[in-house]
Amino acid sequence: MTAANEPYILNIGPQHPSTHGVFRLRVAMDGETIVDMDMIVGYLHRSMEKLAEERTYTQNIPFTDRADYLAAMSGNLGLCIAAERLTGVEVPERAQYLRVIFAELQRIASHAMANGTLVSDAGAWQTPLLYMFREREKILDLFEMTCGARLTTNYMRIGGVAFEPPAEFWPALRELVDELPDRIDEYSQLLIDNEIFLARTRGIGVISAEDAINGSLTGPALRGSGVPWDLRKAEPYDVYDRLDFEIPVGRGGDVYDRFMVRFEETKQSTRIIKQAIEQIPDGPHKTQIPLALRPEPGEVYGRIESPRGELGFYLVSDGSPAPYRFHIRAPSFINLSLLRQLAVGSTLPDAVVTLGSIDIVVGEIDR
Amino acid sequence: MPPGPTQLSGHRVAERLNAALPGVVVTATDEWVEVAPARLVDALRWLHDSSEFDAAQLSNCCAVDRHDRFEMVYHLQSLDLNHQIAIKATIADHEQPALPSAYAVYKGALLQEREVYDLMGIVFDGHPDLRRIFLWEGFPGHPLRKDFLGLGNLTPGLARFPFEDRDRPDRIMNPAPLRHDASARAQNEQDVPDDWRGAAPA
Amino acid sequence: MSSDVKSRPATPMLREILEQPTLLGGIRSTPLPVRLGLAVFALGFLVVNVAIGVLVVSGRLDGHWYDFRDLGNATAALRSWLDDRDLGPWLSYWVTALIGGVGILSFVGGVLLIGTWVERRLLAKFQIRRGPNRVGPFGLLQPLADALKLIQKEVLIPIGADRKLFFLPPILIFIPAMLGWGPVPWAPNMAYLDVNVGLLYVVAISSLAVLAIFIAGWSSNNHYALLGAMRTVAMMVSYEIPVSLSLLSVVLFTGSLQLSEIVAWQSTHNTWLAMILPFSLFTFFFSSTAEINRTPNDIAEAESEIVAGFHTEYSGMKAGLFLAVELGNALLVGALVSTFFLGGYSLFGLEEWIPPYLILFAKISAVYFLFVWLRGTLPRFRLDQLMGYAWKFLIPLSIAFVGISAVEASIFARVDAPGLIVLGAIGIVNVVLTFVLVRAWARVVGYEVPRGEDTRPTLTTAVGGLRAAQRLRVTP
Amino acid sequence: MESTGIIVAFWVLAAVTVAGALGVIVSRDLLHAIFFLILSFLGMAGLFITLSADFIAVAQVLIYAGAISVLLVFAVMLTPLVSRDNGNSLYVAPGALAGLGLAALVVFVAVDTEWAQLSGDALAARSFPDTVATIGDLLLGRYVLAFEVASILLLFALLGAIVLVHERRADAAAGAADTPANREEAA
Amino acid sequence: MSVELGHYMAVSGVIFGIGIVVALGKRNAVAVLMGVELMLNAVNLLLLAFARFGAAFADDAAALSGHVFVVFVLTVAAAEAAVVLAMAVLVYRRRETVELDRINLMRW
C-alpha cells in the first residue's frame, strides 16, 4: 500500500502460524504483492551430520526421528535401507512387511498433517486440521502400542524392526484401515469440492513439470506437477514390488494438485496396508546383528520415498563403526529450491498457501 | 560394494563421457565417475542433455572432507529412464576450495550448494546467491570439515565402539583391518582417549 | 474396537452422531432420587408457565407497567410518574436514558460473556473437541477467567508506536459496537433510540469502526498491523455499498427508515422480508461478515497470513476488547438481520404470548449460530477475490435488485388484492429472479463453477519423467 | 432552545468542533490532522442534531466521518512517509490573517445583529414532523433538476477518479498501485 | 441563557475561518482539501441553523429546503474529495511530491 520505491519489509516468522515451525521468510512487499523474498532457516540446526560421525549406524537412527519429526518411521526406514545396502545385512520378510505397514501408516499421518495445515493456511479455522488430527491420532496410538513412542519412534533397525507389534495391534489396524476410506471420502465432501478452497488453490503456485524436475523437487510436489515419479515404483525397496498400488499424478502443478495428490496417496496407502496385512508371513522380525557394525570401506546412497519426497542417505564408511560421512538428502529442504521463484509476484495469501502445499518440516530442513 | 539397484556402472558413463568430451574423466570405478573439476559443468550439462543418459534431475549433491582434499559428489538421475549416475569431483585445495556451480544446469543445486558452502566451506563460482544458510554470517569455520575446531591431530570419528570386543568375533561385524593407516590404528586400539580419533589422512 | 463394522451406519460422521449419549440414556443412567427431583422441578416449571399463560390470555397485563412482555411500558410508566412529580423534564430524560443505556450495556456484556463460551463450545463440537470445560459448571466461567487474566496482563506498548493514538482504538471500536444496538426494537415499545432514520443511523455508526481499526493498525508501528488495517479499510469501504443497497430494498417495501416501523410492517403483513428479498438478505449477511471480519471474509485478521491483523500488537485487556467487539458485532449483525429480514421481535402473532424480546433473542442466536458454523467450516477468501466479488458481482446485482424491488413495491402499493397474495407472488418472482440473475451475471462476468472431475489426480502405475508427464497430459 | 440539556450540548459540541478544527492546524502529522478533522466532523454532526436535522446529521457521519475521512487516509497512505508532514506553506500568514479576520467579522455580526428568528415556545412548537419524507419529496419534486445534476456530477466524479488513477498495464510495473486502492479512489 | 441563531452562526464563522487558514496555509494537497471540507461544513451548519430558526417560513417544505441544500453540498463535497484525492495520488505518482509549493507546472 505504499509507493513502489519504498520497500515494505514483512518478516514472516520465525514464529508465525503459517511457517509450521521456526522458519522465517523475509518478504519485500508492494501492497499485497510480494516483490522479493528471502528464506532464512537454521533456527533448528543441530548439525546432525557432524554428530552422526561419532555414533554407530544404529545409534544414528534416533537422529532420523528428529530430522523429519512428522515422519519418523520414514526417516528410520531410509537410514536402515542405506545402512543395509552398505553392510549387506539381509532383512527377514516379515520385517519387510512390517516396515511397509509402518511407513505407509506414517505416510497417512504425515499427509493428514500436511493437508490439514494447508487448509488452515487457506483460512479454515482449524476444523479440517483437527479432523485430520483425529486420523493421525489413531495412527500414533498404533505406534505407541508398538514401540512406546508416538512421535520419535526409533522403531526400525538395521536388519529389521525393533519389536514385534503386540496382539491388540492387528485388530486396531484392521479397523483403522477399514474406516479410513470412508473418512477420507467424508473430508473430500468438506474440502475437495469447496468452492472457496478451489478458488484459493486452483492456479496458485503453479510449478511446471520441467521446473519441478530441474529444481530437484520430489514427492507430492513433483507428482503434483504431473510427473509420475515414485521411488516405491521406480526403485522398489522392501516388498513394494509385491504390492499393488497406483501413483496419483496431478494435472496442473498448482497447490490444489499437490493437495489432491496427498489426499489420493492416503487412499493408496490404505490399499497397500490392506494388502500387507493379507500377505504378511510369520517369521522373525529382525536379523541379529552385532553391536558394532564395521562396514567395508566404501560409500552408498540409499533412498526411499518419504511422505515429502526422496529421502536419501549418503553414507561413507572408512571401516570404523561410525560413518565417515553421513549426509541426509532432505526432501523438504530441497523442495524449497523453487520457493522464491513461486512467491515473487504472487500475493501474500497465495505465498502462504504455496508454502503450505510444499509441506515443509523445519526439523528436516535444518537438520 | 554393490551400487544402488538402478545405478549405472561408472565405467559405462565414463566411456561415453570421454568420447563426447575428451579428457573430462579423471577416473572411473564401477560406482562413480570422477571428472575434472574445471570441466564439471560441461560434464553435467552433457549428461543432462544427452538422450542416452538424460540426467534430468540433480538428486543429491554433497561434499566429503578427505582431510587433504574435498570430494564433491553429485547423484544425478533420469526419471524417464529410471537410472542413477554418481559423479565426483575432487578439489585438491583444502584451504581455499572452489568449484564451478552446477546451478547453471540444475536449479535444484541452489540450496544444496549453499548448504555445502555453509558447512564445508566450498566456494561455488557462478552460484547466484552464495550465502551461509544454516549458520549465521560470521560463524567461525565450517563445522562439517574434519578439522573443525582445530584440535590438532584429534579428528571426529568413532574408531572403536565401546562395547566392541576384539576377542569375541560375533560382536564385530567386520573384523577386517581399517583402510586408513592400519598400523597406527592397531597401536591406539586399547588407548581409551584415542578411541574417538577418526581416520588419519591416508 | 471390536464392534461389527457392517451393521453400523454408512458414514463415520453419522455414526458418531448416533453414538452420542442421548437424553433418554442420560435419564436412565441418573439415580432415582435425582430423577424424582428433576421430575418435580419440571412439573413446577410447567405449572408456573401455565399460570403465566393464563394471566397473559386473560388480558390482565395489557398496558400495565408490570406487563413483562414489553419492558418499554414500565419505563414509560416511570417517566410519566417522574413527570407528575414536576422535577423538571430533564430528570425523566436522564433516568430513562440511563435505564436504556444500562440495559443495553448489561445485556451486551452478559451476552458477550455467554457468547464467548457458546462460540468456543460450538466450535469445539464442530471440531470433535471438548471445548472449555474446566472453570465452573460446563466451563461456563471460562470467559470470566479469561477476562480476569487479560486484565492482569502487563500493558505493552511497542517501540516506535504512536503512544497517544495507540490507546484510543480499543475504546473507539467499542463505541459503535454499543451505539449500534440503540435503534434495535426489542418489543413494540421497547427501543432505546427509535429514531426515524434508524436504518441510516445503523449504517453510519458501523462505518465509524473503520477509523478505529485504521488507527489501531497505523499506531502499532507493525507491518502486519498496518497491512491488516489497510485490508480492513479497503474491505469495509467496498462492502458498505452492497449493505446500503440491500437495505434500500427493505426501505422500498416498508416505506420507512425507522426500525420499529420495519418490524411492524413485517408483522402486519405476516411475512418476513427474507422471503420477499432473498438476494438482499444474502448480500446483507455476506457483506456484514466482511465488515465485521468473520469467516469466510476474515482477511483483516487472517491469522495464517498476517497473524492477527490490526490488533497484532495489542495485548491484555486491549486485545480482549477487540475480541469482545468482534463477537459483539456478530451479535449486532444478528440483531439487524433479524430486524430487517426475519421479522424482528414478531413471530406471526406469537409475540402476543411470548415476550417479544425473547423471540428476537432466539433469532439473534440463530444468526449467531450461523456465524459460528461458517467459522467452523469455511476457508477464507483472498483480498482481491473479495474486492472483485463486491465490485463485480454484489454491487451490480444489488443495483438490479433495487430496481426490481422498486417496481414491485409500487405494484404492491397500487394493486388492490390481499397483501399476502401479492407479497407471495412477489416473493416467488424474486426467488426465481435471484437464481436466474445470479446465474446469468456469473456467466457475464466469466465465472465458472469448477467441476469436480477436472480436479482429480490421474492414477498411474508406470513411473517416468518429463516424457511420461507429457504422455499423461495427452491421454489422461 | 432554552432547556439546560440543549445548552450544555451546544457548548460541548461547539467546543469539540472548534477544538478538532484547531487540531487540524496545529498537529504536525498529517494523519493526526485527519483524526482531528474527523473529531470536528462528528461534533458538527452533533450540532446538526441540536438543530433537529436528524437525517443530515446521520448523513454527515456516514459521508464525512465514514467515507471522506477514509479517502483522506487512503490518499495519505498511498503517498510515501516523507510527504506525511502537515507543514505550513508560505501563505500561512496571509491565510491566518484572512481566516481570523473573517471569523471575527462573522462572530461580531452574528452576535450583534437582531435576527428575525423564532425563539422560546414558538421555536419548540415549530418542530419538523418527518424530515426524511419531506426532504425526499423536495428532492424529487421542487429540486429535481438540481438532484439530477448532482447525480450526474457524482457519476462524472466517479469516472474522473477512475480515469485519473487508472494505469495502463504497461505502466503498472510491479503493480505500483494495486487495484483495490484504485477502486477505493473511485468509491 | 439560551442558544440562538447567533451562536450557531458564530461557530460556523469560526470553523470557516479555520478552514481558510488550513486551506491557505498548508503545504500538503491533502491538508488543503481538509481545509476546504471544513469550510463546507461551516456552510452546512449555517444552512441548517437558518432552516431551524428561520421565522419567515410558512410550511415544512420551505423550511426543509435548507436541508436539501445541505444534501447537495454533501454530494458535491464527496465528489470533490474523490476527484481531488485521485489527483493527489496521480500527482504524487508523476512528480513524487504532493506539496503544492513544489508543484509549479502552471507557473506562467
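Labels for the chains are A, B, C, D and E, by order of writing; each one numbers its residues from 1.
Note that in this section contacts are C-beta pairs under 8 Å (C-beta built on N, C-alpha and C of every residue); 3 or more make two chains touch, one makes a residue touch a chain.
Here the structure is a predicted model, which is why all the values come from computation and not from measurement.
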Determine, using the mean of C-alpha atoms as each chain's centre, which chain is farthest from chain A. E
Pair of chains with maximal C-beta contact number: D-E
Suppose every chain is reduced to the average of its Cα atoms; which one is closest to the average of all protein Cα atoms? C
Work out the mean Cα position per chain and let me know which chain is farthest from chain B. E
Round to the nearest whole Å and give the separation of the Cα centres of chain C and chain D. 32
List the centre-to-centre spacing of chain C and chain E in whole Å, with centres computed as mean CA coordinates. 38
When centres are defined as mean Cα positions, the distance from chain A to chain E in whole Å is 64
Approximately how many whole Å separate the CA-defined centres of chain A and chain B? 25
If you look at chain D, which of its residues touch at least two other chains? 55, 59, 67, 74, 77-80, 131, 176-177, 180-181, 187
Listed in rising order, chain E residues that touch 2 or more other chains are 92-93
Residues of chain C that touch two or more other chains: which are they? 230, 383-384, 463-466, 468
Residues of chain C touching chain D in their complex? 89-90, 93, 165, 195-197, 200-201, 203-205, 207-208, 210-211, 214-215, 218, 230, 233-234, 236-238, 240-241, 257, 383-384, 387, 391
Chain B partner contacts - residues on chain A that touch it in the complex: 41-42, 45, 47, 49-50, 53-56, 85-88, 211, 213-218, 227, 229, 234-235, 289-303, 310, 312, 314, 316, 318-322, 324-325, 327, 329, 333-334, 336-338, 366-367
Can you list the chain C residues touching chain A in their complex? 1-2, 5, 10-13, 123, 126-129, 223-224, 226-227, 230-231, 295-296, 298-299, 302-307, 375-385, 449-450, 452, 454-466, 468-470, 472-473, 476
With touch defined as at the start, can you tell me which chain C residues reach chain B in the complex? 463-468
As the complex stands, chain D meets chain E at residues 1-2, 6-7, 10, 14, 17-18, 21-22, 24-25, 30, 33-34, 37, 40-41, 44, 47-48, 50-53, 55-56, 59-60, 63-64, 67-68, 71-72, 74-76, 78-80, 83, 85-96, 98-107, 109-111, 113, 115-120, 122-123, 126, 128-129, 131, 134-135, 137-139, 142-143, 146, 150, 153-154, 156-158, 160-162, 164-165, 176-177, 185-187
